[in-house]
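What follows is subunit A paired twice: with subunit B in the first complex and subunit C in the second.
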Partner chain A sequence: MLLDVQDLRVERQSRAAVGMAPMPLALNGVSFRVVKGRILGMVGEHGAGKSLTASAILGLLQPEARVVGGRALFEGQDLLRMSDADLTRLRGARIGFVVQSGHTTLDPNTRVGAQLIRAQSVHRPIVMAEAVWRAETIMSSMGIVEPRLRARAWPHELTPSAVQRLVLALALINEPQLLIADEPTAGLDITTQVQILDLLYLELRRRRIGGIIITRDLGVVAQYCDDIAVMYAGQVVEQGPVPQVFARSAHPFTRALLASMPERLAIANGRTYGGPLPDAPDGCPYRPRCDEATERCGVAPPLVGAGVHAARCHFARIGAA
Partner chain B sequence: MIGRVVRRLGSLLRGLPRRSLAASFGLLILVGFAAVMAARPIAWPHGPAQVDTAHILKAPSLRHPLGTDANGRDVAARVMDGTRYAFAVPLAAVLLGIVLGAPVGLIAGLVGGFADLLLRRLIMAVGFIPPLLLALALVAAMGPSLRHVVIAIGLLEAMFFARAMRAEVRAMHESGFIQGAVAMGNALPRLALLHLLPNTLARIAGEIPRRVAWALGTLAVMGFVGVGTAADSTEWGEMVREGVALMYAGPWWPAIFPGLALLLLGFGLQLLAAGISDLTGRRPAALGGAMGGVPH
Partner chain C sequence: MSVVAELRRVSVLLGGGEREVAALNRIDMQVEAGQILGVVGESGAGKSTLARTFLRLLAPDDGAVMLEGSDITGLSGRRLRRLRGRMTMVFRDPRTVLNPRMTVRALLEEPLRLHTKLRSDARRAAVDVLAARLRLRPAELDLRPDSLGVDRLQLVSLGRAIATQPKLLVLDEPTRELDVAAAADLLGLLAQLRRDDGMAIVLISHDIAAVQPVADRIVVLYLGEIVEEGATADLLRDPLHPYTQSLLSAHLPADPARRGRRIRLRGEPPLPDERTPGCGFAPRCPIAETRCRSGTPTLNLVGADRRVACLRVLEGSSRIPLSR
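Let's look at the complex of A and B:
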């Protein structure tokens, strides 16, 4: 087990909320696992808490949010209870993180080769010749031709595709055991997206790195991920191996997501995920939008299912057709 | 290495008029002043302290194109000589301001919390005092000398740079590459030195000519009211002060020409600043909040 997140709870504080009813938890018991060498796809609507989960695990929450419970075991150590200094040592070294809109993560005033060398010196003293060699090697494995020449380029001189390749190279250069990529292809055109994802997939497989790919595109999950975690309103509502979840999804929200998969078609048919996002109802958070909701849904549903495939729904029938 | 830098600089300058006429003109004016300053001792027939007793308070003529002052000294030579002050003092003051102010702003912006609040309130409080008066008061308190003028103007510049730096750090903190650097496991000191400092300084660089212009004006005002440079120096403000006394009697040239030089150099600096804003696509207004109480 590479990463085992259990019952992660995150609260957002806001000044306006002082003296008022407490705000609902932004993350309300998120649990999932990443196995070494496997890739987990994390999907959900905007605001479901995908990026927040990643930030919470890595200790990068904005000041207004804080972890109020749960555990995140990375190779047995709880990341949530680790000191800042220890976490800093892990980030970029054993856990690579590609932040959302990663194309802005290159320093505009430093040549890209220097950035790759700098990234290595963050965590350990380096031998220059070796660092240069590593930088060039990873650039060519990321499909950048003539790495020696390109290393002298400034970020603004590169195409979006090359920038994204470099961002991945930066995250991978210190050979992490776990890579978290938050929407790694957002803003790129379709063909580039495919190239970047292919590269990412190959590198993760080749180095046997555990991966988390945060995305809103189920197609990405279907093609590149081994496991899937579906997030809804700050919870993982269903998780399991991709083939099983896609073939026999146990949660109505997962089914709605899958049904709307060619998204534009779904909107044209007026079949979206079903109404606006709810105001934290009691019981199942998906209830107000669920076609299959009954009175029982007023009670918070348990996690149904054992082993690898589980869903948070009273009516989940794991394994059934 | 040096050859490459020179070539790069050369190509940069050749392309400049096309990209920003304002910056080119501004630079031209500055280079012009520097060239005149450097060439004066060899190329000009009169020295700034050379007294010509036969020509006292003579109007501009071929012999003395800008006339002579009450002691029979060549006004042109004195104006050219005064360029030394006009370059050295404001540049030193702005440099001092950056060295003192930038780290303070950087740390306040990075650490936030109480240190940040304290800095903001302090600068706000000091900002209520007109900066010119403050500079004069500082020099008066320290005793008039050129070094104290540099320190007084430098302290005011430091306030500006601390504030601008803080604003830039705050804004940059949200930007992708700083978050990326954090995600890479950069600890705070490394983040500040390697990522924030160079990038924020690069963004503030465009304000430097404008700050130099402000320092130049302040220096001249100090000379005009008689603190700072020693009496009878060739500092332009000082020259204007001496000349104004004579103006009512008729001879206008000892006051007007150093004043014009001041105006022209200040204009050049402002042009350069405007040009840099054009080139970097950053309007001065973007720093408006940062400029706050310290006028420019």
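Let's look at the complex of A and C:
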């Protein structure tokens, strides 16, 4: 087990706390696992808590949020109880991280190549020739042509896709055991998205790096991930191996997500789906949007299922066709 | 069906002097009442320029822009403003287009105030009807944009665009920032507007899949030119232009059983100033021949109802063989 997140709880202070009901937890018992060398796709809507989960694990929460419970075991060590100094040693070395809008992580005043060298030297003593070679190697494996020439470029001279390739190269250059990539191809053209995901996939496989790819696109999960964790309202509501979850989704939200994918979408002149977001009631948070909800759903559903495939729904039938 | 909006041999040049490039190059396109026209292309294809030209937010350098049979190419000032309620637009990111100081109600009412003679109580009633149609909750009408998520804001943006019951509605990547359920909702509303209001709708996206559920016809743009155009089902079943094939192949199906075998293009979508002579797609085309780099293909009718601009399509050899 590379990463084992158990019952992670994060609280966020609301802006208007006075006189209002207490805010529900932003993360309300998130549990999932990443197996060495396997890629986990984490999906869900805006505000479901995907990015927040990544930030919490890595100790990068904004000041208004804090961890109030749970564990995140990375190779047996609890990341949530680690000192800042230890986490700093880990991040960028054994855990690579690509944030959303990755271009903001580049230093606009440093040439691209120098940033790749610095990413290595902050974690260990380097031999310059070797560091340069590593930088060029990782650049070309991310599809940057003529890496020696491009290393001289400034970040602002790069196209959006080259920036994203570079951000991934930076996250991978120290050969991490785990890569967390938050929407690594959002906003790119569709033909370049495929190029980059193909290269990332190869790199993760070749080095047996475990991955978490955070995305809103189930297509990315279906095509590149081994496992899936579906998040809704601060919980993982379904998880399991990709083939099983796609073929026999156990949670109504997973099924609704799949049904909303454009290629599966049947719009018979005006029938619409989805609807307003719920107000986080008691019981199952998905209840207000769920076609299958009954009275039982007023009680918080348990995690149903044993082994690899599980769902948080009273009516989940794991493995049923 | 009657043609609502039309571009006739429209060219738009950007930049100036020696750096002048064609963002759109002799585009012929029309959209009918009760029709959704999907326009697909990547960066630099000219999608946004096209949207702005349809609405005469910019003036073409050549060709004509028609709305309901009249030539609006040369209109300006008040005469153009008078048409603004009849042709409207929805942009990609509603967070950047809605006035943060106005409530949702005021935002929905504004186009009625500007473009209709309705009195205040009638406007109020019209906003309530509109909100119900968009399935905005009454409580949401009193909120300002910063208390709403992007999914809801895009509905408000759509509401503003349809408040005056326009004949032409142009949407530029309206679902790109949305969650899949909200995107499906928005497409459902477009289907309603087509059926119940007979609106002519131009739906623009970088991803064919994002227009496919509702588009009646699809136009594929590359470097400011139409490379293929046809009825949605036909075009998806048998894409003839190598670029259309590549675009479809780059879509990632949400089905783990359909992995692998994909057309992989080299390089990135070019910008208009990087255009090479001959076919614009030739530098990235897996099946380009020498002649593709010299001769420029024209948009030809293939079969009964398809237009394709590819030299190889004429002898039926425009299909890219799938490789591993």
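Assume the second predicted complex is superposed on the first by the 303 of 321 C-alpha atoms of A that agree within 3 Å, B and C clash if a C-alpha of one lies under 4 Å from a C-alpha of the other, contacts with A are read in each partner's own complex, and residues count from 1 in each chain.
What we mean here is this: a contact is a pair of C-beta atoms (placed from the backbone, for glycine too) under 8 Å apart; a residue touches a chain by one contact, two chains touch by 3 or more.
Please read these numbers as outputs of a predicted model, since none were measured by experiment.
Peer 1: Can A:R71 be said to touch subunit B (first), subunit C (second), both, or neither?
Peer 2: neither
Peer 1: Quick one: is A:G47 in contact with subunit B, with subunit C, with both, or with neither? Answer first, second, both or neither.
Peer 2: A:G47 contacts subunit C only, not subunit B.
Peer 1: Counting residues of subunit A in contact, which comes out ahead: subunit B or subunit C?
Peer 2: Partner touching more subunit A residues in the overlay: C.
Peer 1: Could you say whether A:R248 touches subunit B, subunit C, both of them, or neither, answering first, second, both or neither?
Peer 2: In the superposition, A:R248 touches no partner, neither subunit B nor subunit C.
Peer 1: So in the superposed three-chain picture, is A:T192 touching just subunit B, just subunit C, both, or none of them (first/second/both/neither)?
Peer 2: It touches subunit C, and subunit B stays clear.
Peer 1: Shared contact residues on subunit A, subunit B side and subunit C side combined as an intersection?
Peer 2: No residue sits in both footprints.
Peer 1: Can you name the residues of subunit C that touch subunit A in the complex?
Peer 2: Within the complex, subunit C touches subunit A at residues 42-43, 135, 137, 140, 149-152, 179-185, 187-189, 191-192, 194-196, 206-207, 209-210, 212-214, 246-247, 250-259, 262, 264-265, 268-269.
Peer 1: Which residues of subunit A touch subunit B once you look at their complex with the stated criterion?
Peer 2: 58, 60, 85, 88-93, 97-99, 101-110, 118-119, 122-123, 167, 170-171
Peer 1: Can you name the residues of subunit A that touch subunit C in the complex?
Peer 2: It comes out as residues 45-47, 159, 161, 189-195, 197-198, 216-223, 242-243, 246, 256-258, 260-267, 269-277.
Peer 1: Under the definition above, what is the set of subunit B residues touching subunit A in their complex?
Peer 2: Checking each residue of subunit B against subunit A gives 175-177, 179-187, 190, 194-195, 198-199, 202.
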